[in-house]
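Next up: the structures, one after another.
After this come two complexes, each holding subunit A, first together with subunit B and then together with subunit C.
Moving on, here comes the complex of A and B:
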């Protein structure tokens, strides 16, 4: 019973927010234009979240997202010479390299992946600040991607492929087994390190795509590219009810539900006319409330 | 009858859906030795753990020295005068002998959070000397001493304050003859002093020799309380098992039968510090057993053969295709199955459905291209769970809610689903009830008929003698002997080679 409530909370929370904002914003919330706005904002985080779900399913946290996004954007810009299509390709390549960096640190250095991720986050941020200070990295033609339908198509495609890989292939199924019991996974003849690495590669691909969408919004790589992406994604996934310890309970739908909840909450409160600084505080409270209801505490129960 | 010191009434203990102990009532008396006997998984250790404060009963009450008794921890039980010696290591590595001996009682050696180490060490030395452990230095790390020494240190500690109840849970199984005799002496001394002693043992002649009363448990239920001449191995065994088995419990034949074809061979396997120079050949349709004490290295040999541990030297070769095995994934691809000793930690995905557990090792077989069809997954799981007769509602049920025996069935089903040709089994019947045990034995016989080979480790000598075509014995990481299946092989023959 408790399990059922736990599972239903994220979706009920999302539905509740939609109803609340529809009723309290004088019709400003429930318009096509506003829906488009939310989708545009949510798409970047959703794309990144899909990859992150694979990493979280095997019980790792990826803190690198924002820094890795900035780093791969800068490197992709420099190597592509301003060509949009080359930029997209290279952003994905460098995204994958960032993922590999984190997994190598994690697997061969035997430290939790979020350590490697934290390093990448700071290093990437530093590189982006330095590089963009001395050079204006604009790709004007990326603006043609800054379109509701493009964003929607990318988000739906990425989620669709992610959904398939996560639920109907070895890649996703093994992540869940590893998250549940890594030892039993290895002893069932599954290479834990190989599949963990695959998760980071997937996360790298989605990161590269997210970097491209980010570029198209501001037409240029800036010092703020990808800022707070990791916290946005992790908060959103938590709101979506993702299992913090990974394993069999991990559901990829947490990415959609969570990201929508997160951005609708943001959007609705701004429509209320709330001071953006207060919005962050309310988000924190809402986050704490959802997570404390929906988190699976069986991990913390003392087993005698 | 001597004075009753502890009375446990209507004791129940459930772990999830598993009923470990059901409605057991019994008494312990001063100066009396009570034996607790039953198959693995019959609830013996669970019952004694509740008395020792390891965990509380689900239902039921205990009266100790005339008062209600509800220990909150092992330490509390110990302070109340109930000492518990287990088969597992009860000391903590990385701490000194003296620190281990007074764990949780440091307060009595100091004031205001400061511990007077000098007094603690002096007291430890005193106790060690009284117990014939003069060679043990209380200031050295406990890990510097052998398993047997550590066990004896633990025993000395338990007796340093005169206990009112002493529980000995299969402590003698891992000790040398000298150690076992010392334990017997201690039991006699304690009985003399009026201590109530509770013994758990699989060695029925030991039980006959030591106990005044014997309580029989089966599947967590009280079966009988034996006294006097009723305490004999035949009688106990019959009551433990509870029914005559159709045919025999173990294999019916006493011939060593296997085909000439070698399917797997190990050459000079060495893992420094654990085992040395282990070589053997496994034949088609053979059950090859390894016997020894738990820390003799045999468990690690199996893990190494499976590819989960890299040996320092030596190699494992699969004859078909002449491939060297070096990883678990390579082994599983070549249809080798591995059933670990520690089921909950190493082979089961607990908060995961039975279905996902069963298909975990055979997704390569199930998938079409990269697509894994949920329909085929469900069908495979239902098929294999059906063959193993897993007691469940449906395959979507969580594995953690199954009983020990059914969990093991799920683990075996996982390997059946992959059409495994070689089964590496580490204590395959550990902690499971008689019915499931018999089922596993029948399955092993069936494997032989179908030309599937089994490499098995067991800590139960009777199981090895009863099932294996050949038994290789190990001691301190080295091979000490080999026995061929015969009806004249006795436990004593094997024990001689492993201790």
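Moving on, here comes the complex of A and C:
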């Protein structure tokens, strides 16, 4: 029973928020334009979150997202010369390279992936700040992609592919196996390192796509590109009830539930016209309430 | 569980698809066609960086006071530091029914993105405190019928004048804390410091870039003191978010004689009067709040339908340089104080009238001097 409640809380929280804001915003929440806004604003984090789920499933955390997004954007801009379509392709390529960097640090350096991710986050931000200091990296045509249909199509496609890979292929299933028991997985003849690397590559691909969506919203690559992306994604996944220990309890639906919850919460509070001094407090309380109920405590049983 | 998830996702998808079938119908023209109704409570969106530092807190208080006075409802969104975040806030404000949006653009492209979002929704917008670096973006913005103000400050000359204050005190060697070279305002401040130093014969020993991270500032100033023991002054493009406090506290903790290193920094900060008295601070530039207020009130004026023009008001402000503890004290008490409304209710109402044109608002900004503050404060 407790387990069922734990599993249902994230989706109940999302449904509750939708109902709450529908009833209390004087009809502003359930407008066509507002739905568009939520979908567009949530898409970047959703795309990045889909890749992050693969990494978290094998019990790792990727803190590189924001810095890697900035780094891949800067490198893609410099190599593409401002050509939009080349930028998109290269952003994915450099996103993958960022993922590979983290996995190499993790696997061959034998350090937790989040440490490699932190290095990349700082290095990426530093490189982006330095590179954007010498030239203004604007791709005005990217504004064409700042379109509801484009964002919806990208988000649905990425989530759909991610859902398929995660639930119906070895790529996803092995991530959960590794997260549950890496030793047993290795002994059963599965290359743990190979599948961990694949997870980081997938995360890199989604990061590159997220970088492109970010560009289309901001038109230019700046030192602040992707700022707080890792925080937004990890917060959203936590709200979506993702298993922090990875393994078989990991569900890719956490991405869509969490991201929608996070952005609907932000949206609804603004529609309320809430005093900005209280916004972060409310967010924190909601986050604490949701996560404290939905988190799987089995891994913390030994804490006195 | 899966059924519940499917229902929620289906609802979201349905909503999303329904959203696409709708059409935005902005007002056909940026010009008001009806006589303003004083009883209508208009709603304005305020995208603002924060309300915890002197400028942020003061404008937050000034705008709230003016809104109450003018029967305007404000929707605030604090802490957006990227174009993407500002655009998201702007979109949500439009959904919330705001008829005008005010913001300080975090990047030149933000003007275009937020301006386009406002234009598509038929919502007026006003920006201040930044120039628009890219000419194509500036042209696009100026042709946007919903743009109300473009106010920028004359940071270049101000920075040069701050260097002159140091030069007049015999300073010949400084270190410099620079700002983002792609931020229009920081470009002016960086260049003003550099050109000022060249003009007044001051050598820049070393520099690093930071605008909002007090810890980076603390470490950087410590490094200056170690690497350049003969440094006589520090120039800083930003004192906001605890940065100026970090410079002064690092100097105080260095063991050097009080006042042996002179600081010239943008942005007023907590403890600046004390820093003047101890001799650390030589020049402190501030007073950007007035351009925020003018942009906001011009926006209210347009939203209320009092004025119509063919294009945005293009205005500029020369901020104030304070060079002594007495004036700093007055400035802190009457400008950097959210509890004090420096502009009287009559003056605020006077800025929201049908007679207010570009020249009028420029006059308000030109009048922004330490003498005006003293007079308003009854000093």
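In this section, the second predicted complex is superposed on the first by the 297 of 304 C-alpha atoms of A that agree within 3 Å, B and C clash if a C-alpha of one lies under 4 Å from a C-alpha of the other, contacts with A are read in each partner's own complex, and residues count from 1 in each chain.
In this text, a residue touches a chain if its C-beta (ideal position, glycine included) is under 8 Å from a C-beta of that chain, and two chains touch if they have at least 3 such contacts.
Only a predicted model underlies this, so the values are computations on that prediction, with no experimental measurement involved.
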item: Side-by-side fit of subunit B and subunit C on subunit A, or clash; value: fit
item: Partner chain in contact with A:224 - subunit B first, subunit C second, else both or neither; value: second
item: Apex subunit A: angle to the C-alpha centres of subunit B and subunit C, given in degrees as a multiple of 10; value: 140
item: Dominant contact partner of subunit A by residue count, subunit C or subunit B; value: C
item: First, second, both or neither for A:152, with subunit B first and subunit C second; value: second
item: Which of subunit B and subunit C A:170 touches, first, second, both or neither; value: first
item: Which superposed partner A:181 touches (first subunit B, second subunit C, both, neither); value: first
item: Partner chain in contact with A:193 - subunit B first, subunit C second, else both or neither; value: neither
item: First (subunit B), second (subunit C), both or neither touched by A:249; value: first
item: After fitting on chain A: smallest Cα gap, subunit B-subunit C, Å; value: 16
item: Overlapping contact positions on subunit A, where the subunit C interface meets the subunit B interface; value: none
item: Touching residues (chain side subunit A, partner subunit C) in the complex; value: 4, 7-8, 11, 14-15, 18, 28, 30-37, 39-41, 44, 129, 132-134, 136, 138, 140, 143, 146, 148-149, 152, 214, 217-220, 222-225, 227, 253, 256-257, 260, 266-267, 270-271, 273, 275-277, 279
item: Subunit A to subunit B touching residues, read off their complex; value: 168-170, 173-174, 176-177, 180-181, 183-191, 247-249, 298, 304
item: Of all residues in subunit B, those that touch subunit A in their complex; value: 54-55, 306, 308, 327-329, 331-333, 338, 340, 345-353, 356, 360-361, 363-364, 367, 370-374, 414
item: Subunit A-facing residues of subunit C, complex; value: 1, 4-5, 8-9, 11-12, 15-16, 18-22, 24, 51, 73, 75-78, 81-85, 87-89, 91-97, 106-110, 112-113, 116, 121, 133-134, 136, 180-182, 209
